Amino acid sequence: MSGADLRAELTALHLELPRQGLVTWTSGNISARDGEGLLIKPSGVTFEDLTPESMVRTDLHGQRTEGRLSPSSDAATHAYIYRHLPHVGGVVHTHSPYATAWAANAREIPCILTAMADEFGGPIPCGGFALIGGEEIGAEVVRVLAGHRSPAIILQNHGVFTIGPTPRAALKAAVMAEDVARTAYLAHQLGQPQPLSPADINRLYDRYTTVYGQR
Amino acid sequence: MSGADLRAELTALHLELPRQGLVTWTSGNISARDGEGLLIKPSGVTFEDLTPESMVRTDLHGQRTEGRLSPSSDAATHAYIYRHLPHVGGVVHTHSPYATAWAANAREIPCILTAMADEFGGPIPCGGFALIGGEEIGAEVVRVLAGHRSPAIILQNHGVFTIGPTPRAALKAAVMAEDVARTAYLAHQLGQPQPLSPADINRLYDRYTTVYGQR
Amino acid sequence: MSGADLRAELTALHLELPRQGLVTWTSGNISARDGEGLLIKPSGVTFEDLTPESMVRTDLHGQRTEGRLSPSSDAATHAYIYRHLPHVGGVVHTHSPYATAWAANAREIPCILTAMADEFGGPIPCGGFALIGGEEIGAEVVRVLAGHRSPAIILQNHGVFTIGPTPRAALKAAVMAEDVARTAYLAHQLGQPQPLSPADINRLYDRYTTVYGQR
Amino acid sequence: MSGADLRAELTALHLELPRQGLVTWTSGNISARDGEGLLIKPSGVTFEDLTPESMVRTDLHGQRTEGRLSPSSDAATHAYIYRHLPHVGGVVHTHSPYATAWAANAREIPCILTAMADEFGGPIPCGGFALIGGEEIGAEVVRVLAGHRSPAIILQNHGVFTIGPTPRAALKAAVMAEDVARTAYLAHQLGQPQPLSPADINRLYDRYTTVYGQR
């Protein structure tokens, strides 16, 4: 994908964040790996004001290399993830409400739905508390996701990070993470949900990742 | 209805799924009986990308007979239902959140609302856990719905299937199932809802199915 | 207002019901007093298919006097209300989810919000269970609302009826009833809400009904 | 900003209130300081009917000085705030449901989210009950917010007031207040959320107010 195409794609994907109810005002952002750097949302800009040109290019330490605007204050986290996980081509960050409610309790989102086994291959893990500003958040994301099939992580008292081979795949994981976080929340309000067995989770995940969709 | 009309109708009905909040990303699908086979959504395609031509025709074992794309991974389930329930002309499948929350608890949705007695004639039953891939899900749907007035079933840890004489009737049942699942959820959070007596449920159901609407 | 204007107004007001999230599929209806009769939604028609001409005229016993379509199956209830409450010019009926959740518990919606004191002058009362078909529902609505300042009533296991001097005023009451039912629900999930004193409720109601808005 | 520009801006900001789900029917209002007075929404007018010309100018005691319509019944409260807090250029008032649910319990919204530390610098405080009509509400808002970093306050049994250097900043605070009120509500339904330490709250707040966004 050319640089111009990637900027247009990234802008379009950002508009999905408010449409899907994952963000409020200017919070939340998406990045795309771009050669030896990344493209990311500018800081504090509302989604309706984003343009392909407004996307900011940084190196893999989150330092701006192109663009007039300051990059998202989460740029260092995105950069850390790209630097340590070479298969990742896109990263999404949100404070989507149901997933963040689990995170505020420092609880993983339990795998009680076949849709969750399909997409996440198990629970969505919860990382520890980390302050924004340096590499702490990125390090926690990489530490936890490196040992997991899940492309999503929730971070204590904070929100959600998702990864994927492309920004669109990471967005899908962010959308599905909020969806299953909501249903799992509702299920826990009604009582004690039935667990899925590890064997069934494995069967569902294997099928979904090899048979589902168009090949 | 001609084949072209049925494809257009099926495409239009699919767009109602996200509009009514029943689906997320590419999950959920609708099928229509079509002679000795069925028409169904292609697998893993987003709703906004659907066209009449993209709908896939399969036989009544879920094997593709027309179309370039792979059919929904739920095609075998739809096919099983049509094969065993000859009065069914349309089937809808969703993971709508409130109904699925009841399903995650393996609890039927209790009939505590007059609107539920009208449409479902009693509780919405919950079938057991079944893995996707073969005929297990279809068999569970048919086993449970054969003994019920309800056109909707929830499946443990999974989601919702609804049936109807037409795809539009099955869609109505899916919309109403989520609506009553939500109100029943809210009612159970507030306390112990009042039951409806079986006699009142029967009176409401009989009236709704003979007097309501235009004749 | 001329008959044609009233039909156009009634059609426009019906479109607010799905916009405000008060109805699902074809449920819910609005009527307007029209001389010695009333105009009401036809039965089982979706909101987007309504036209001014499709509205059905009935007498004050709910028997159709004009129109090709069958009137709402709630027409007898609306008619009973107009017959017994001469100040009523409009009636709205919904199954809006939060208000109906209180109704499923046979609990009035307690007056814990200043916005509720303003609009309803106290709790929204809950009437007993009554079957559709005859005059039982209308009689219960009139029996309860005759002794109340509230323009809204919830009916056990069923839904909401609101009244007003005009259909638009009744619609406002239906919208506000769901709004306060939701906030009161959320407040009760968080703990034991603070009561409002009867004296404060009276002060708020008196001010709202004499000072608020344009004179 | 010229008077005409301010009226256009104020009208546009009001349309965000229903778009963001903060208001119902005619409730809720925004004002802007305008020289020795303020501009505010007219009382009881629906949001879609607002025009720049319909905005009402009052003095800093809430008495109308320009405009045909009566000002919002909350004008005296807005005026009191401008009179006592010279740094305030905009005020927003809503009954947004999640924030108001906390207010109905007379409970501050606890600071359990990094997004909340960023925007509010701590919990959102809850003021005592005050009747509309005089200066009681304004006095309670000023008394509480004078000792707080939070630009938002909830008032017992009532709703939300937010302040900012501009009406747009106050609107952002109202949007974020409802967002964090919702996530905090969900988190408390799931269990006992993890607290944020005062030191971490300070670090987050300091960073957000000095580094975030475009400079």
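First chain written, first letter: the chains are A, B, C and D, and each begins at residue 1.
What we mean here is this: contacts are C-beta pairs under 8 Å (C-beta built on N, C-alpha and C of every residue); 3 or more make two chains touch, one makes a residue touch a chain.
In UniProt terms, the chains line up like this: A, B, C, D = L-ribulose-5-phosphate 4-epimerase.
Bear in mind the structure is a predicted one, so any value in this text is a computation, not a measurement.
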Just grab the chain with the largest centre-to-centre distance to subunit C, centres being mean Cα coordinates.
A
Same vs different contact residues, subunit A with subunit B, by half of numbers used:
different
Overlay subunit A and subunit D by their C-alpha atoms and let me know the rotation angle in degrees, rounded to the nearest 5.
90
Rounded to the nearest Å, the gap between Cα centres of subunit C and subunit D is 31
Cα centroid separation between subunit A and subunit C, in whole Å?
44
Mind pulling the residue numbers of subunit B that touch at least two other chains?
189
Which two-chain combinations qualify as touching?
A-B, A-D, B-C, C-D
Going by the contact rule set out above, which residues of subunit A touch subunit B in the complex?
112-115, 172, 175-176, 179, 182-184, 186-187, 189-194, 196, 200, 203-204, 207, 211-215
In the complex with subunit A, residue positions of subunit B that touch it:
24-27, 42-45, 69-70, 73, 95, 97-98, 100-102, 104-107, 129, 131-133, 156-159, 185, 188-189
